[in-house]
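The following pair of complexes shares a single chain, chain A, combined with chain B in the former and chain C in the latter.
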Partner chain A sequence: MIRNYLLVAVKVLWRRKFFTFISLFGISFTLLVLTVATSFLDHTFGPHAPELKQDRMLGVYTVRLTSDDGSFQMTDKPGYKFLNEYVRTIPSAEKVSIFSDFTSTATYRKGEEVKLYIRRTDGEYWEILDFEFLEGRPITREDEQKANFVAVINEATREKLFNGESAMGKSITMEGQNFNIIGVVKNAPIIRMTPFSDVWVPLSTFKTSGYKETFTGGFMAAILAKSEQDLDLIRSDFKANLTKVQLPDPKKFPRILTGADTYFESFARNLEGGADDPRTGTLISILVLLAVMFIILPTINLVNINISRIMERASEIGVRKAFGASSLTLVGQFIVENILLTIIGGLLGFILSSLVLSYINNTGWIPYAQFGLNYRIFIYAFLMMIIFGIISGVYPAWRMSRLHPVEALKGGMK
Partner chain B sequence: MIRHLLKLTWNRKRSNFLIMLEIFFAFLVLYVVTTLGVFYVDNYNKPLGFSYENVWSIVMDTQQQSIAPQQKIEKTQQLLLALKSFDEVEEVGGMFILPFSAPDYNNNYRINGRKVSVHINTVTDELKDVLDLKITRGRWFEKSDEAAKANLVVINESLSKELFGDQDPIGKPLFEVGPGEKEKIVVGVIAEFRKNGELAPLTNYFFERASMYDTVNFTLPSQLVIKLRPGTTAQFEEKLVTRLQNTVGEWSYEVESLAEAHRSHLLFYLTPLIVLGIIAAFLILGVSLGLIGVIWQNVTARANEIGLRRAAGATLTHIFTQILLELLLIASLGMLLGVLLVMQFPLLGIIDFISAKVYMTALVISVVFIYLVAIICGLYPSWLATKVQPTEALHAE
Partner chain C sequence: MIQLENIEKVYRTDTLETVALSGINLSIRKGEFVSIMGPSGSGKSTLLNIIGLLDVATGGKVSLNEKVVSSHKDRDLANLRNRELGFIFQKFHLINDLRAIDNVEIPLLYRNMSYKERRKMAEEALEKVGLISRTSHFPSQLSGGQQQRVAIARAIVGKPKILLADEPTGNLDSQMSDEIMNILKELNQQEQTTVIMVTHDKRMADMTDRIIRIFDGRQVA
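What follows is the complex of A and B.
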């Protein structure tokens, strides 16, 4: 039966090429936009190298100090002192890394400026993150303790500075400091706040030790749990630590709001001022709402076209009804047709989005972003296609089933 | 004619309702994009108020070291001397918030019962020459202001108009301050200073005077801006940074040309418009193709009716305009809904930095554009309708 439906569907689609084209255009474009958006989200929040252990990773990304009534607020990155005293001491964590936020700097190659981002890290950073090394080795705890002037650079920087030749044993000068390059890693995109940088050097190579006294500003922490089940334990341990916190200015800012978050939660936390807990629900609702708003117009368009296609086939439906086909059968047939159409359109959209994504990658619009398609995105896109196909097919199918056989046979309708 | 059309449209209300809904959403999408575009164009046509050509910024990072004001001032003085010793450097100024940078410092003041949002920057005497600011009334800061008892401020024309209306603001206090606070006295008015560039909306702005020497109030800025001799190349940067590094080695320096910062700042504003514009263009293209298809099918289905009208003496022009006007009528109804909805934005002042003028211009553009799309979509099906032969209809009956 289904086979019959499909054969009829192909024939019908082929007969009215203009309608088929319009439908496919609408479907594939809609899916193109949704797939590109999903790919953005996946590459921002999904588990990608070097954050392969993301399912048992938490971070402390921001600290918000507020007055009692919340009218004065200061939001900043945490400082080293705060992280060292209250995050490093979380008992349930397997590993904790403290590292600086990336900052912009420059080195010079034959008088030409090469702009770079630099990040200072401890040794644990390289144990928690799974950077893929093209050559050399990571910064170790020993490098950090001994304040070795060593640097790890990324692939793009090796390309810019050494034309892609081996960087081992070479050195790089930034801000008047000279570092020996000990390793080269693959690029990490700027949308990943924890791994992104061009150059990584040990924390202890800061020009002064002033950073050790800062409560807020310039640093982040990554926490690795022993297992996924330990994440909640870590959160509560951190909360317990926060009750003992000594605030820098308790008169002006008596309250502190922060937490150990997943990367997604860290975005939700910044969404609204003064929230104690990250509002992941709100963030998800906003994303879904945006998708729904975007999808409304193409859906109505497709419904319109579908109705036109059905009305055109009024006499066919009349004949089938006259010969005893039930409304349900006709609705089923039409929905199968519509899903077939959406799947073809969806596949087209999927191919188009891979082209668009590789174009975005090539423009370097988002530094080092390598947007691509994977099975997660494919499953999402496929689900969206089916939903899109059903939504845009149900109303026209219902209209079709209500056609009066006699009128339909005459080819007329109101 | 109109009544006749209304009746015809009403008779086919179910399928027309969907077309109307489609037009309604297409109008909304278009309106959002046009508003953003018109907003940018409107902003772009206003003066920037300063010049960023041949100006570089230097961000001094003291490496989070807690440092005594006296010491910081001394070190900054050494750096200023080092900078001025270059032939390429014409003038050096300091400011707290750089043009085209992300940070902003603004405050909401309650003045005469109104809430006024004001952006504030603290700058040195030399800034006027570095950024080529235009004084319209009064004067700029001077070295002798060091001894002044009050806090001297220079405001922009927008703020002057907001606070003083047509009165002369020179010599007047900016607004009442709380007890124990220093009064802010206006000494001059500049034409404009649009820190966020040409595409950002105009803001109320005032400058406070920063001092390179004052250890009590300690207003020493950690951002410098330098005016370079025209023709200085990017290669100069290495020389510059090396000398700064050799002068005060324990700090870090980040040098950027303001022209570069300007370019990336523009991109930051334009990217959303470009992305939205592309998506909207494809959405509306999809809708247009859909409309052509639907109207075409309608015409085919109504061959009997059209044939009958022809037989009863309607001319080809009659038929053509009937189909086209029907579509325009539906489009008008859809847009009417949309206009009623979007009129709420300026009325409620939801986004208050977008003026009613921008809203209305965008509205007119969107309406005209949707009509154009509707006409283009209707042309072919309407022409098709004129091809219907009266005999066909009579045959069917």
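What follows is the complex of A and C.
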């Protein structure tokens, strides 16, 4: 049965090459965009090195100070002082790391400027994240306490500064400070807020200790829980700490809105009304809606093509009905055909996606991005294709199956 | 075997009512070879389609094997067409994308049968119509007479008790028409298949056991 369907399907697809091309183009292009978007999301939110413990990691990425009625607001990265007093002290956390946001700086190599991003961290940062070391060691708590002028650089920086040769024992000068290079790690892409940088040095190497007094600006915290179950406990501990916060300007900004978030939640927190409570559901809905909107246009297009395709086969429908096919059986046949078409289009789209992704990786639009296709993306994309195939096949098949056998045999449309 | 009681078929549009058939009473016994004759537009094809459950009468009752079938649901009608009936059309209605043998096996697709069984029965049917050497040909590679023989093979492959033929020789020359008539006669005589044939060709009608004449939607003899 399936064999007979597929024989006809292949013949029909082949006979109407132009329709087939349009359909395949629509399907594979849709899948291309969806796959690239999924890959982007996966790359941003999925568990990739060095954030392998993501399932038990939270972060404090932003604080928002507001007036009572919310008419005055200030949103910024947290400051060191705030994080040190109210995040470092969360009792249920296994480890807390405070580190600066990455900032751009430069070093000189043979008189030429090399632009770099620098981030200052504590020792815990390297314990929470699982950086892969190509050589050397991470910055330790001791380095931070003693304000050792040591630096970890990434692979790309080693390439730029030392032509990829070992950087151990060499040094790097930035903003008049000289650091001994103690380690080299693999690149982390810029879209990963916590691990990304080119150079990492201890917090205590700041030129002044003024950073220790800042309430807002320039820092972030990562919190590691003992287990996934502890995440909620950490959230409520942090909330409790927030009630004790001494605000820098309680007259102007009597309220503080922040929270311990997963990376995904931190995006949701930035949505309208999300400051108090991250609107994760809203963010997911927006993403799903975007995907649906993107799928719906090519679906309508495919539905149209399918209708004309099926209607020109009225005689076949009539014959099959005359010889005992029920409407339901015919709907099944046309859905099988459509799924075949979408699977071919899907595979094409997948090949296209991998080409486009490797092109994006190579151009360096997004520093150190290594977009790839993994089984997660493949499964999502494949499911989307099957749904796409069924949706775009059902309506035309249903219209067709209502065709009366006599009219169908006359080749008539009604 | 087939019983029609007071069959009426009216096509209605907003402004117009066209009576295609009215007051048809008919009884066809098992093993009969019946022809339906009449000028074009007289309603003879409509009548055949109603007998063949391809069309629904607007009034009256159709019974098959003593069971009223005019009120059956889609799935039951499909099953009856599949098991009891075989159709032959004037325009052959072969699926051009399929080889002869794949065309012939179509009715068997809607039964629970293995690929092997289907192939075997399809080959037997093609053998009966003398086309065993053409199993892998596509309809476009066959002459009109051969195409109609493939269509007959498709109609008889499921061993239906009733064959319905709508001007089966209408698109063929007289020599080929005779060949087709001989096949139908043989099926009727050797397998006791009931054959109902629509024709406007007196010569063909004369070769059948009984002639039903339709004029202006009414039975005249």
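Note that the second predicted complex is superposed on the first by the 409 of 414 C-alpha atoms of A that agree within 3 Å, B and C clash if a C-alpha of one lies under 4 Å from a C-alpha of the other, contacts with A are read in each partner's own complex, and residues count from 1 in each chain.
Assume a contact is a pair of C-beta atoms (placed from the backbone, for glycine too) under 8 Å apart; a residue touches a chain by one contact, two chains touch by 3 or more.
Bear in mind that the values here come from a model prediction, so they are computed numbers and not experimental data.
When the two complexes are overlaid on their common chain A, residue A:F19 makes contact with chain B while staying clear of chain C.
By the document's definition of touching, of the two partners only chain C reaches A:K321; chain B does not. When the shared chain is aligned, no partner comes close enough to touch A:K252: not chain B, not chain C. By the touch criterion defined above, A:K146 reaches neither chain B nor chain C. Of the two partner chains placed by the overlay, neither chain B nor chain C lies in contact with A:R137. Applying the stated contact rule after C-alpha superposition, one finds that A:K239 touches neither chain B nor chain C.
When the shared chain is aligned, chain B comes close enough to touch A:P298, but chain C does not.
Contacts of A:M311 after superposition: chain B is touched, whereas chain C is not reached.
Looking at the superposition, the partner that touches the larger set of chain A residues, chain B or chain C, turns out to be B. Residues 11-12, 15, 18-19, 21-22, 25-26, 29, 61-66, 234-235, 237-238, 241-242, 245-246, 249-255, 271, 279, 282-283, 285-287, 289-290, 292-294, 296-298, 300-301, 304 of chain B are the ones that touch chain A when the two sit in their complex. Put simply, chain C touches chain A in their complex at residues 49, 52, 54-55, 74-75, 78-79, 81-83, 86-87, 89, 93-95, 97-98, 102, 105-107, 109-111, 115, 154, 158.
Every residue of chain A that touches chain B in the complex is listed here, in rising order: 18-19, 21-22, 25-26, 29, 33, 103-106, 108, 111-113, 175-176, 206-208, 210-211, 213-214, 217-218, 294, 296-298, 300-305, 307-309, 311-312, 365, 411-414. Only residues 1, 3-4, 7-8, 11-12, 15, 315-316, 318-329, 404-406, 409 of chain A touch chain C when the two sit together in their complex.
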